[in-house]
Each structure stands twice: as C-alpha cells, then as structure tokens.
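Read from first to last, the chains carry the letters A, B, C and D; within each, the first residue is number 1.
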Amino acid sequence: MSSYFGEKLRLQIFGQSHSEAVGVVLDGLPPGEGLDMKSIDAFLERRRGGKNAWSTPRAEADLPEIVSGVVNGATCGAPLCATFANANKISSDYDALADVPRPSHADLNARVKYKGAADQRGGGHFSGRLTLPLCFAGAVCLQILERRGVRVGAHIYSLAGVRDKPYDPMNMTEADFTNGAFPARDPSAGEEMIRAIADAAADGDSVGGIVECAVLGLPQGVGEPMFGGLENRLAAAVFGIPAVKGIEFGAGFAVTYMRGSDNNDGYYFKDGQVKLRSNHAGGIVGGIASGAPLIFRAAFKPTPSISREQGSVNLRSGENVSLRVSGRHDPCIVPRAVPCVEAAAAVALLDAMMVGGFV
Amino acid sequence: MSSYFGEKLRLQIFGQSHSEAVGVVLDGLPPGEGLDMKSIDAFLERRRGGKNAWSTPRAEADLPEIVSGVVNGATCGAPLCATFANANKISSDYDALADVPRPSHADLNARVKYKGAADQRGGGHFSGRLTLPLCFAGAVCLQILERRGVRVGAHIYSLAGVRDKPYDPMNMTEADFTNGAFPARDPSAGEEMIRAIADAAADGDSVGGIVECAVLGLPQGVGEPMFGGLENRLAAAVFGIPAVKGIEFGAGFAVTYMRGSDNNDGYYFKDGQVKLRSNHAGGIVGGIASGAPLIFRAAFKPTPSISREQGSVNLRSGENVSLRVSGRHDPCIVPRAVPCVEAAAAVALLDAMMVGGFV
Amino acid sequence: MSSYFGEKLRLQIFGQSHSEAVGVVLDGLPPGEGLDMKSIDAFLERRRGGKNAWSTPRAEADLPEIVSGVVNGATCGAPLCATFANANKISSDYDALADVPRPSHADLNARVKYKGAADQRGGGHFSGRLTLPLCFAGAVCLQILERRGVRVGAHIYSLAGVRDKPYDPMNMTEADFTNGAFPARDPSAGEEMIRAIADAAADGDSVGGIVECAVLGLPQGVGEPMFGGLENRLAAAVFGIPAVKGIEFGAGFAVTYMRGSDNNDGYYFKDGQVKLRSNHAGGIVGGIASGAPLIFRAAFKPTPSISREQGSVNLRSGENVSLRVSGRHDPCIVPRAVPCVEAAAAVALLDAMMVGGFV
Amino acid sequence: MSSYFGEKLRLQIFGQSHSEAVGVVLDGLPPGEGLDMKSIDAFLERRRGGKNAWSTPRAEADLPEIVSGVVNGATCGAPLCATFANANKISSDYDALADVPRPSHADLNARVKYKGAADQRGGGHFSGRLTLPLCFAGAVCLQILERRGVRVGAHIYSLAGVRDKPYDPMNMTEADFTNGAFPARDPSAGEEMIRAIADAAADGDSVGGIVECAVLGLPQGVGEPMFGGLENRLAAAVFGIPAVKGIEFGAGFAVTYMRGSDNNDGYYFKDGQVKLRSNHAGGIVGGIASGAPLIFRAAFKPTPSISREQGSVNLRSGENVSLRVSGRHDPCIVPRAVPCVEAAAAVALLDAMMVGGFV
C-alpha cells in the first residue's frame, strides 16, 4: 500500500469507508504553527456532503479529533495525527454488492489484489471518504503556506461541458478565490452547472468536470529538476484523489496546437524587475516555480455509482447481472472535489517548499 | 535535486548537456536478466537526432558505456551504471546566452535556484539530452517487462493539430506497436505531420503534440491505492521528460463531457472470465491495473528554442533585448519523445510490478 | 521529524507522553493475515509497567484500539492504524520541570530544536511511551514472521554488570526463547539482576544493561548490500528505542581481539548441505542473512530519571539548580526494553523480507 | 539492492571490484560549493593501499574522474557523478574461487541471493573497493561541513587489543585530529599496532580493531526523533562499510555498568551559557545533537581473506576443501578504514543538517 506522500513533510492516510475512523498523520510540520480550528472546520465544510441538492445524503459531522502533535493550539514538532469517526455508516447498503463488483469502482481490482481480504464495504480504503483526512491535512498546510504569502484556490472550470470563467494566468489576485456556496466564479455558470447535476440525478445518472486550481505567491525556485519537478509532485498528489483521470499545467493540452513563437513566455524588464510577457507555462518551467501564478486543471470522471441499470457480474454465481447502485452517492463529486484539489496542492507545495529550504 | 525515481527499482540520472557524460544508475534490477544490446541500441536510435529533417543537427553516436552491474551480458544484482559521452558539444553556441535567459527554458529558474552556480551551457541538467540515459534505462526495463509478457508502445497521437489513428482501448495487439521511420500509425497522417514540422522550421518556429502510450499484458492488481496508484507513478515519471505539460489516462479530459452511464466500464462473463464492456478507464481503476490495455497520453509543448525573434532581457545590462536562439534544435521534439514516453512508462511500471511482488 | 521507518512495510508512529493517545500506522502489511489479539495483548503485557517492583508505577491498561486496516480479524490491505489512549497522565508532575531540563533527557534539545514549541510534558514525543505503538507493530509483524517460520526472541544479556547465559549462536532452538516473568534465561542471574535494580532504586538511582536478541529461521538471502544490509536496517530500527547507545552483531566488539583465522566462519558439507563451522558473524555476512541464527545486542543506558539530586539549570532564572526527578519512573528500563527490541527487529526484518521478495 | 543512502542529500554508489569502474552519484549537494581537488586527493590517499607494509599490494592511482555536477570547480546543483577506473584488476586471482566460497565473505550469500548471477570476481559489489567512491563522497561533504564549522576526524581506538589514546569527549579541539602516516594519536601505540599487523601477516593471518570518530561544531538541534536520530543515521551509514560489526555512541556499551547518577550529563551555567558537566552521551540525546563533541566507535572484524588454511566447500564437486586465499589483501583494514568512517559520518551528518535546515 502507498497511502503516504511527501519527501520532507510526510502525509500518511489511513482508514476505510466503514472502519472505526479515517485519519491522517502529518510528520515533519514546522513547529510553532498555530492551528486556526475554525478555519479548518470551514475548509472541511466545503467538502462535507449531505447539505444540499448536489451531494450525497451521507451527512456526518466530520469534526477532527486531534490525537497528537498539537500543544496549546500550535504544532509542537511531533507528528500531528487527526482522526474522523465514521459515525454514519450503513454497511448493509453494501451487502448486496459483496459479490457484484460495481463498474468503474475499485471493487474488483481490490478483490484480486488483496486476495479476497479487502474491505469492500463502501469501497473500503478506495472510498472518496479518504479525501476527508486529505482535506484536513491540506487545511493545516494552507494556513502555514498563507503565513509565507502563498495562497491556493480552486473553482469548477467546467462541469458536464458548462464552462466557468477561467483564471487569468497573468492577472490574478486573492480576490479571484472568493467563492459562494457553489464553487463557480460566474454565478450564471454555477446555476447552469447545478441544473446539469439535477438533470443527471433525475435520470439516475452522474456527471463529471474539471477543477482549476491556482497558486499565488509561490517563490521562484521552488521545485527540483526531473522527477522532483512541481508538475511531478502535484500530479503525484492530485491523482491521489479518486476519480481524477487527467491533469494539465498552464496552457496544458492546448499547447499542442500552438507554435513556439506563440507559446513561449518572453521576458521584459519593468521597474528593474524581470517580468513575463505571458504565462502559458502556468508558473512552472523546468519543474521549477517561475514566480508567476501556478495554474493547473484536473479532470474528474462522472461518479461511477449511479442508480441506472448497469451490466455487471455475480462472482459467486458466475452469472451476468444487472445492477442498480443504491446507497448514498453524489450525482456529481466535482463541487466537493474543489477543496480536495486545493488540499492536495497545499500538501505537495508545502513539502516542495520545505525540500527547497523555503520553509 | 531530485533526479531519481522509483521505490524498489531506483533510477538515478546524472549529467548536464555539456558535462563529460550523461548517465544513469539503476539500482534494484532483478538479477540474471540478459541485456540484448542490439535491441537497446535500436531503441536509442529511435530517440537519436541528427539523422533526418525533423530533428536537431546535433548528431552523436549515443552508444552506452556499461560501467557496472552487468556480467556475462546479464544483470548481476549490483547497480547498473551506464554513461554516454557528450562528444559533440559546442559550448560556444551558448556563450551569447550567458546573461540572456531563453524564454520558456529553465535558464532563469536555474540561475535563481542555484544562486548563479547552475551549469547553463545547453540547458545544463535541464537539457533534453538527459532523456538519453532515461531511454537507456527504459530499454533495459522494456526487455525485462517483455519477458513477463508486458509490452509497451507509443505513437504520435497528434502533432500541430494533425491527428493520427488512436489506439483502440478494447482491441489492441502488439501489431499496433509496429512503427516505421516516423512514429505515426497512419502513414498519411505521418506525412502531414512531417510537413507541419517542415513548415514550422521554415518559419524558424516549432510545434508540439501529444504522444499516446499503451501497455499490454499488465497483470490485474499492479499499482497501489491513493498516492501509489499507477496514474500517480506514471505521471511522476512522465513529467520527468522536459516539455510535458499534461497527462491523461483512458478517456482523460473527454470524460468530463460524459455521463456515468456512458463512462462506466461494465462487466460481463465470457467463457467463465470477467470481461469489460468498455475501457474508458484506460486500464486503471482505483490506481490499480484492471488487466485491460493501459492507455495514456502526454502533451508536449512546442520546442522553446526557435530562431524567430523573441523578447528577453539581458540580466547583466538590465536591458530588454531581442533574441534569436541559434544552436542546434529540433523544430519539434515529439517524434523523438515517443521512445522517451515508452521509457518513462517502462521504468515506472517495472518498479510498480516489483513493489507489488509481480517481478 | 522522522518517526517513520521502512521501505516496503511503512511504520509511522505518532503521539506524545501526554497527548490524547499514542499510535501507529502500518502501511503495506500483506493482506489476509489474521491478527491473534490475545497474543498481541500478551506481548504488550511484557512491556507494560506498574505491575512489579522493577518498573514505573504508571499503570495503564494499554489495550490497542484498532482504528483501521482490519476486517474480520485479518489485515485487509489498507493501512492498519492502532491507538492507545493516554489515560493515566499526570502532567502536573512535569510543571516544576518546565524550565529545568532533566539531564540526559531530550528536554533541552527539543526546546532548542522546536524553538520553544515542543511538548515537554513527560518527554513529549521523546518519551519511552512511544515504544508502546512500536511494540504493537512488532507484535503484528511477529505473527506474520512466525507463519513464515521466522522466530524472534530476546533476553537480558547483562544488567548492571550481572550476566545472563548468552544465546549459543550455533545451537539454538525456539525453546531458548521461553521466558518467565523476568526475561533472564538463568533464574539465578535474574534474581541477582532484580536485586541490582532494587539496590539502585533504594539509592534513588538507576541501572542499565544489554539486551540480546536472536532470530531463527531467517532465509538465506534476506538483506541488501551496502546501506540496505541487515545490520544497517536493524540498527536504524533499534536506535529508535530511547536509551540505546550501542549495537553489535555476532561476536561484535569482541571480534576486534580475534584473528581472522579464529573469527572466520568456515564451511563444510553435511548431508549434502553447506554448514557453518562457527557463527561469529551472527548470521549476517555482507549485510545478508546467512541462514544461521541472527544475533545482536543493544546497550541501554541507565534510566536518566532518578530521584537523587542532580545538577541542572533554570532556563528562566538563569540560575544553576539542583534537581530531583520525582514523577513515576523505572529504576531500570531493561526488562521492559526486551520486547521493544524484539518489536524493532520484527518490523525491520519483515520489511527486509518484503523488500527481498521473501514475503 | 540498496546502495543508496540519504534523505535530502542522496548518495548512490555503483560498481564492482572488477567492473569498468566504481563510482558515486551525489544528488542534492548545495550549489556553488567549491571543490578543493587537492584536498580530496589527499583524503583518498589516506585510504589508498599498496604503499606500505600494512595494506594490500593492489595499488591503483584512484584518481576521480568528475563526470558531472561540477562547473568552474564548484557544484552546480546538478547531481555530481565521479568514477574511478578499475585499472589494476587481476580477475584470474579469483578463478580458483569460483566454486569455493571464501569464509566470512559475502560470496555464498551473493550466489544464493542473485541466483548464480552475482559478480563474484573480487567480491563484486561487496568488495571493500566500494569504499573508494564512499570516501570521495565523504571528502566532498567534509569540505562543505568545514565551511559550516563542522569538523570530523577519526583514529584507531584499538587494534588487535592495542589501545590508542582515546578522544576526550569534554575537551577536544581540531588539533586532536592531526594524524601522521599511521592514524594513531599516540605514536608508541601506533608502532605497537604496526607490529601487531606485521605479526599477523607473518602468520598469514589478519587482525581487526576499533575506529573512534569525533565530530566538532555540530549545531545543537541536528537530528530528528525516533528513527531519524543521529545514532540511527550514523549507524545506517557506517554499517555500509564492509567488516563493521558494531557501533557505539559516547560511553557506549560501558554505560551498562554505570548508574544513572554517574552517567547523566548534568547542566550548569557558565558565562550565561548552558554547559554540560560531562558528555557520556557522546553529543547525542534523544537522537539530536547536544552541541557537545559527537563521539562514536565502530568495530571492524579481522580481514576475512587470509593465506592460512581454512575449511570451505567446493559447491560444484560437493566436497569439503581446504582453502588458502591468495590474491592481494590487507592483513588489517583498520588503518584504511579510518577515512572510510569519517566519510560515512560526513555524508550522514551533512544529510542530517540539510534535513534539519542547517545547510
């Protein structure tokens, strides 16, 4: 298993959907960093389901229990462990599924990989619930980053094909991160997205989308060459979120339609400082932060749990079966994925800053 | 620095464009694996420049010197080191650039990060020449994978917007990997791509493209959950190739336009075996190989070195300057990037197989 | 911080003496391994204090709460997390010590390293209580090793100069591991040791000793060369136990008085099998298991907490002070250290076996 | 295989006794560090054999070829690779040994572990020759440490039972590191040691000894808790030197005869600074540098290659045989091991300083 991440700041995630709790250990946090628990709770609230039309009815308080690593409200240098009780688990939802792997879930792979010993209740360790400790870790890192002038934000770039107003890689401020209840920048796009989710839900179906994330204030020089580049590190973290199937930086895949003369980000002096004429690179050149806004996008597939009929197999009886996944599921996980992407980015970037000696 | 990769099989790359040599150490290879040097040379030949219209005139023999780790033509369990002399280096090409960072190259980042000590001749350690030892490592791993029934291949999916015939994720055989001199599957698409490169070169410009890679025969169960997933591992390796700005698996970004009922890969029994009805996942679910063909695509930006005039700065004089990058450069690196992508995939997958106990 | 260990099996320890709990995450355990909780409790009981004359009066139930990773009594492939509540903490014991670092404790180092933010209650993360989750991890690994025919045991080799009957590196069986209440092999030596502890306690003082550990059934070939050798791995694990100041393998330091002709372990054939004429190497040659019993010894310093008067400083007042450490302490930690050494060895060896493909 | 070391500064060693070359890659060195090649050569000269009565007649120039990572005489941030040609290899010395494993060498283990594919000429990757690249790496690190005020030195603490004047853990200066041709502090002890080596050589035999190493100027706070402690890190590095069978820190094993009141290192104020009353801890408490001199000792076994007759087996014929190891060997490796210990310490400590943010 490999549910850990990081080189100097180590993240170890544990738990299954229906174990006693899910949780995280953060080893290597700088000491003396105050934790604003209200801000952490507010961040987790953005991920929490059960509170609106577009997310799972599985509602849990999702309040962290700080097990270790915090004294007088600040990090003490020892590993920080936080857990979240799995209070509202209904394992019986999954009994019918024991021998019928859900399509595009990890059920069948886990069964084969762990030779029948895998915890398949609610997806076990592959459940989206594991993003809860990731978000907690991210919320802690975000506070530490913020004290160093680094800000991370994200929004829904597109959902079921509906496009939000993208970030401007050349002219961004923290104000661009301000979100309402639904994480779209353009309210009318947001309404259209909510309608697309509702339409899919009405059909017993689901939709996917793209989350765009930006990082402001990252010092030039963060990141290492080759396999230690920021793209490598961010990708390795972001693909830890279930359902991500692609990631691109700056102009991303669109760059393959451009010529070098269009894509190259030239330099000029302004007030004695070297400035970029454009930022198609998304703030990363040679794996290293250029000082310009870092921008990337992650593609999320539609929730695989749908109540529409799908073809599957009964591994016990050896028969083809038709399956409707009941349980409690999001018709679209993209809104709740927005803070998850911020969290993954925060963990990867704080680690990279520590590796580079910036923290 | 972080020019190493891998968990059980460790890859350590070294060298700069103009150092004595570039090279690689592979620590952890299975012992007793015969190395077919002809096959390795043939693989490296696919990456080699200087031999046709669409690549750099920097022509080097690029033959590996095996420094250690091989006895009687087979791996002996000790770390395998191979080096490649940097015979044909013309550092004077870069003298004029000493104080003028090339746009969209790592020059300025390296200068800042290494406090003026970076080797900037030819891009130093950030040079595309470092993909040569990566390809050597990949060629070694490919032979070992092949003996386990795992085959890796790639082609140009698109170049300057010209599309090749994509891999069919449901029906692939090794025959689909057969390449001619130019790595496009559809000869007429290949010709069009070559023309697009020639057109860009004629304009002193460059173009980018997308490389599609497929892996056949990967056993179900390879890969670990969360941060140890195959997407995470492959992305972490592939972003080690300069110029990659995006990666996607299976249906990739296109999945964001699909509904769950379309995207889900259902199961059925055929001859007592569980089969997939589709393979939008690209062979990876929950980070773990499903046994279906693994498919991913990597986006390459247009070569940043162009002979057209670009805006840059003279860091010594403090003046804005206009720059034409002469030197010897590819108008498009995508054809030569094809074996690099295969190599990065091979290293990541052999490592993942070893981690999972499959090798 | 670096409270993690292992290459393929990852151990992450967390907690402070007075935090909510101490605990451990084990990531990478083989799936489907049944956990015999009674056997784990019995192992932890060997480490538990508060029950006899020679250990701390801090008595806690020390029963693990399994947070994740176990389903139906067996490992499920997901990270196993277990915690132990810190029920019986009396922080007021340490109030007086806030500004007076205890000699030969980590207090002053932690204060400097963590810039005043360290949790110094009871030694914080440097407390011997952190060996509790280590022992839990070891107990789990011991069961898995035992199923592969590998047995680990330890005894007190010497305590305050009193010597127990050492293991015979050539002729050992599991029977040599049988321990009574006090972990000495020779009952009369054990009684003498208990007296030495009582004498020191009567003087408000403490004593140290040497723990000898043996491993039977380790397959030839486990371990890697150079920095991956079994000595390196075992030392890196065993020095994770507080108070260890030395480690030696086989004949250890005594080897420096021997000539090669005496020390060399010759070979001979017996019944068609290669046998060793001696085992001064302690079962490890070139970092790799020879198949003979693996034997090592670890030196533990006397408990630094003593009630006799010692010289220290008051960091607030800037005055030299005289200190008596009250609180609840062991006059000798060596008896309780015996299972800790077995646990550290078990974790390191199971990891090494997994790295080498033996598990 | 695991011939790499380090967390932030990565050391990768490669080569076999009779491969083209042996070498090392150092990834993560601080940029802009000038390399004084004369000083490196002088350091390597201390390890070089073939020049006096007490070492192997295998004499090689042992001059490093810098393959990468150095520009204008200073580190450039890219991985530094250096190789040493294996010029003077006489593989025929080993032909007779092909099927007769040398006692207390890794021959038999390597044969089993690598399934017959191991390079056994001269011990292959297990040869003491691999300490040459280690010494090179150490020489580089020593220069970088010295610029930060950290000095490392070692001497022969004992050899065949002959004791040198030990370091004084409380009162040491750089002057204590001054060595003559033979690395003993007390010339008469040195002469006695040389005689002991000559006596053993005359008998076709070999002797071992203990190397004591001290580090001055290490800042308080270097090192991490638990498995990241300085003892763990130093032990993991030092056991990478062949023939080391034990390591102890400060008072080491002798501490097991002391009471807490004797062993504890009390504090007092002097001129407003906290001082230690003693340094039995050897400069490390809780795994972390106390600022006092760091002292450790490593035990080396007698050279296993002896020309006296030993019992072994012929694996091909299945017969017991009598073996005399001819070839070229040191009757005692301890004198040449002294710089190896310094090198291993330097690598581990520079890495620990970088991990802790001290470099």
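What we mean here is this: contacts are C-beta pairs under 8 Å (C-beta built on N, C-alpha and C of every residue); 3 or more make two chains touch, one makes a residue touch a chain.
No experiment lies behind these values; they were computed from the predicted model shown.
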item: Identity of the chain that, by mean CA position, is farthest from chain B; value: C
item: Whole-Å gap separating chain C and chain D, where each centre is the average of the chain's CA atoms; value: 26
item: Inter-centroid spacing, chain C versus chain B (mean Cα positions, whole Å); value: 46
item: Whole-Å gap between the CA centroids of chain A and chain C; value: 39
item: Set of chain C residues in contact with two or more other chains; value: 1-4, 7, 13, 78, 110, 113, 125, 225, 355
item: Chain contact topology (line, ring, star, complete or other); value: complete
item: Interface residues, chain B side, partner chain C - complex; value: 7-8, 78, 225, 355, 357
item: Interfacial residue positions of chain A with respect to chain B in the complex; value: 1-5, 7, 13, 101, 103-106, 108-110, 112-113, 125-126, 130, 158-161, 200, 203, 205-210, 220-221, 224-229, 231-233, 235-237, 239-240, 242, 244-253, 255-261, 263-269, 272, 274, 277, 280-282, 285-290, 299-306, 308, 310-313, 315, 318-320, 355-356
item: Residues of chain D that touch chain B when the two form their complex; value: 1-4, 10, 12-16, 19-23, 25, 27-29, 31-32, 65-69, 71, 74-81, 83, 110, 113-119, 121, 124-125
